[in-house]
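Each of the two complexes below includes chain A, the first together with chain B, the second together with chain C.
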Partner chain A sequence: MFRRLETAGRVETVTVSVGGKPVTLPRGETAAAALVAAGEAVGRTTPVTGAPRGPYCMMGVCFDCLVMIDGAPNRQACMIEIREGMRIDRQDGARRLGG
Partner chain B sequence: MSAQWDLAVIGAGPAGMTAAMTAARLGLKVGLLDEQPRPGGQIYRNPAQPTPEVLEALGEDYAHGMKLIERFRAADIDYRPGATVWDVTADGEIAFLRDGVAGEIRARHVLLATGAIERPVPVPGWTLPGAMTVGAAQILLKTGGYVPDHPAVLVGGGPLLYLVAWQYLKAGAQIGAILETVPRSNLWSALPHAPGMLRQGRLLAKGRRWLRDLRAARVRRIRGVTDVRIEGDGAAEAVSFQARGRRQTIQTPLVLLHEGVIPNTHVSLALGLEHGWNDVQQWWQPRLDEWGRADKTGFSVAGDGAGIWGAEAAEHLGLLAAHGAAMALGGDSLDQTGVAEARTALNAAAGARAFLDRFYRPARSQRVPAADDTIACRCEEVTAGQVRHAARLGALGLTQAKAYTRCGMGPCQGRLCAPTVSALIAETRGLDDADVPAYRPRPPFKPVTLGALAAPAFRAKAG
Partner chain C sequence: MTDIRDRQADIIVVGGGLVGSAIAYGLTRHAPRVMLLDEGDRAFRATRGNFGLVWVQSKGDGAPHYTHWTRNSQERWTDFAAELKARTGVDTHHENDGGLTLCLSEAEFLDRRALMERHRRDAGNRGFEYKMLRLPELRELVPEAGDSVYGASFTPYDGCANPLFTLRAVHEGFDQLGGIYRPDHAVVAIEHKDGIFRLETRHGTYEAPRVVIAAGNMTPGLARQVGLEIPLNPQRGEILVTERIAPFMRLPTQNMRQTVEGSIIMGDSKEDVGFDTATDTGVISDIAARAVTAFPILRDVPVVRAWAALRVLSPDGLPIYAESQTCPGAFATICHSGVTLAAAHANELGGWLMGADRPEAIAKLGPERFHVS
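Coming up: the complex of A and B.
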């Protein structure tokens, strides 16, 4: 859905995995941006009907970008900054306890 | 022992940053809690590594924000980024999460500068991946330089819609179309306020420049759009709509929605501060005195969280609210010139705001779903029809409708569905919007894990 503007300057990067796929993007971006950079429109499916959802508001209001981060469920991808080696995975249906 | 501040500011947008800097200058011990990792709020959302290409696309207002951020960083403020506030008590105790660990701070006065959220746009298909808000797309542009890779379709109304279209143009991204849903009859209610708008020459020139550049680039603008539907199987594939008496469809994987912004009142409503209904902006706002102080002692609100005034006015409101807090705390040092300047600027801004609010007042159909099967509550997937049914059974507001349908019971806690659900209840029960009580959020304002709450105790034990 999106592409990144080319930049002439040097940018520090971080590599994360999105659904097991490595994605490299500038340090300081969010896990939701990592989904976008990976071309993943869907971050979760809903607990009620299993409908696919992706980031909607990008500012912490809608909770539609909930994903699993490093195995922990229900993380707001748009509010979490990426770290080297972070694992971002789809959250399907209701979250599991003790994850 | 938890820290003690004279003034706690919540939110590091233009209002919060200015309030904190002003209060520090007035001699208060000031702390600021903000959920973002860097200051600026959503309006000046601030990339960790700004590139010249992105700054160029964003324009001069954003450059002004960068300067404000620099001044804020240099001020004597206990600034705590990455802090999610999840409770504020009536006596000024603030509970927050930082790096997954719970923390607490006590303040003699609390100033909420929680800004605005985008008004929900509950049209059929708005939950499909690929349908997002114009503001969300702009955040991706600000923080990472992301632009649509296919021609996106922008739907709705309001200054932000044209600003983002213009920023995309400058960044070399294609725009499929701008579908304008604002009723043309709005002009008649806005017209009496035109003189106030005309006096804001700089603002007017900016808007004219955006529209001129969009015209020069032959961006397709379709006016009088109604009955918008986002279509697709598992993701947005097209947007269809009614215009000039016929149904039209545009293929696109990215539909960006915007019907203006409303105050983010989640915390001010939870605190039980007195609110009033703003019928032009179509949402609640806290009732404040001329210094931004609420009806409950020890609390103030500044910026868009107090009613939509925009980023420039937010700085003035922040300055006034800092003075209000300082006076409430017994201070007597006043920046007379600063206060006078802020009041003059706000009077001028109010004139333009009165025009803009009326001119871009959203069409009812973009705010209240006509079809019963359209989703009103995204979290719990409650439809407009289910809310109407609950209203017929006797639900007086979101709080009751929640018990009947689970709407507002998901992780967003009603932040996003409350405007839609309240409007549906008003419509079904034949009431004015102001007669449907505002929802009453409860702490925790954001989900907190037991692990985060227990972490400080475990650390103390281990230490």
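Coming up: the complex of A and C.
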């Protein structure tokens, strides 16, 4: 579905895990980009109706891209740059406190 | 072209916030043509920025008539919410499972107990049930209460509703009952001649033999044109909203509640800054710090929005229901706690505004109380 625009020259890459699956991307990309690169359209289900959601605006306004990052819930994937070894996981329903 | 009849009504309500629209909604049972004129998004609009409590405890210390009026509304709220839901399909998210006021020290707890006891004494035959809970008992209701919380007062009367859904439901209900709503119709002047009020807007003039000014913080200037002095001071309050989290707060407190969708709403600042709706980082961090003291598990929960809105406050904090002597048929009203009082406004004012006697329940809530003789 998504195709990367070619960039000139060699790019440094970073490998993250998306739902346990390794994905390699150019440094500087976001966790939301990693999600779509892994072919995951859905990053979470909503707290109220359980509807599926995935990255949409890619610029920090719609909050549809919330996922778990390194175990922390409700992270806005489109606003977070990937790091080597980052774990990006789907989040189902509302965040639970103290769990 | 608009027909002349489109510009006439039996009664015109100025101000489409929750106070004006609840009154207009109720008026449809008393008059065939009720019109509601509202300014728009540029206006100060407390209804769009408030906390959504339907709250009884602490209302009317030293003014039992206000406590009674508040309880009249609270007791009507469940039916009001059901009626709105049945009529419009809009769920106001009304809850009435009781509410808490947290006390952070023994001194606060004792003061609170004294206040609750005064309420009980003032309530007379009507009764006023409350419980003072120390931390262990409080934790039976909300296990997440922090170690720095000393205790809380509980009354079964308190609850909450979503103020935006409530406003929408009241507007839709008004429309279905045949009410005429005109948004973007700021009234700039009111003239009274031959028993008719002429309300000037940039879309032309509207006429009725009766008028109710319920324009929130803009009420005094309009009320003066129909011979009413309404003393008022805006008071700023700031509110913070967290991301949605799984439900844990079973009951609202005076300054924190969890919405049906899961957000925690917090804030209860009282700032005397005039007509200024900017937010202040110092106030915001105090609100957040207090929330974390009350419920330490909120420590790493991000706040996603914050805003400020202006309360519509009379000098004694109680509502004002005024009827003009010099321009018969003109009324003005302002109130803090327009969410709490919405059910009373929708049910108990219509007859009076159309010419019946003033309800006994609001006899002491006129503007005369501020006049020095």
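By definition in this document, the second predicted complex is superposed on the first by the 94 of 99 C-alpha atoms of A that agree within 3 Å, B and C clash if a C-alpha of one lies under 4 Å from a C-alpha of the other, contacts with A are read in each partner's own complex, and residues count from 1 in each chain.
Everything that follows uses one rule, which is that a residue touches a chain if its C-beta (ideal position, glycine included) is under 8 Å from a C-beta of that chain, and two chains touch if they have at least 3 such contacts.
As the structure is a prediction and not an experimental result, all values here were calculated from the model.
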Chain A as common anchor, with chain B and chain C clashing or fitting: clash
Chain B versus chain C as contact partner of A:G93, first or second or both or neither: second
First, second, both or neither for A:N74, with chain B first and chain C second: both
Which of chain B and chain C A:M59 touches, first, second, both or neither: first
Chain B versus chain C as contact partner of A:V48, first or second or both or neither: both
Between chain B and chain C, more extensive residue contact with chain A: B
Partner chain(s) touched by A:E84 [first = chain B, second = chain C, both, neither]: neither
Partner chain(s) touched by A:R3 [first = chain B, second = chain C, both, neither]: first
Contacts on chain A seen with chain B and repeated with chain C across the two complexes: 48, 63, 74
Residue numbers on chain A that touch chain B, as the complex places them: 1-9, 11-12, 25-30, 33, 36-37, 41-42, 46, 48-49, 51-64, 66, 74, 78-79, 81
Residue ranges of chain C in contact with chain A within the complex: 144, 243-248, 260-262, 297-298, 301-302, 304
Residues of chain B defined as touching chain A within the complex: 35-38, 42, 47-49, 51-54, 57, 84, 117-118, 127-133, 135-137, 139-140, 143-150, 171-172, 234-235, 253-254, 264, 378-381, 410-412, 415-416, 446-447
Contact footprint of chain C on chain A as seen in their complex: 47-48, 63, 74, 93-98
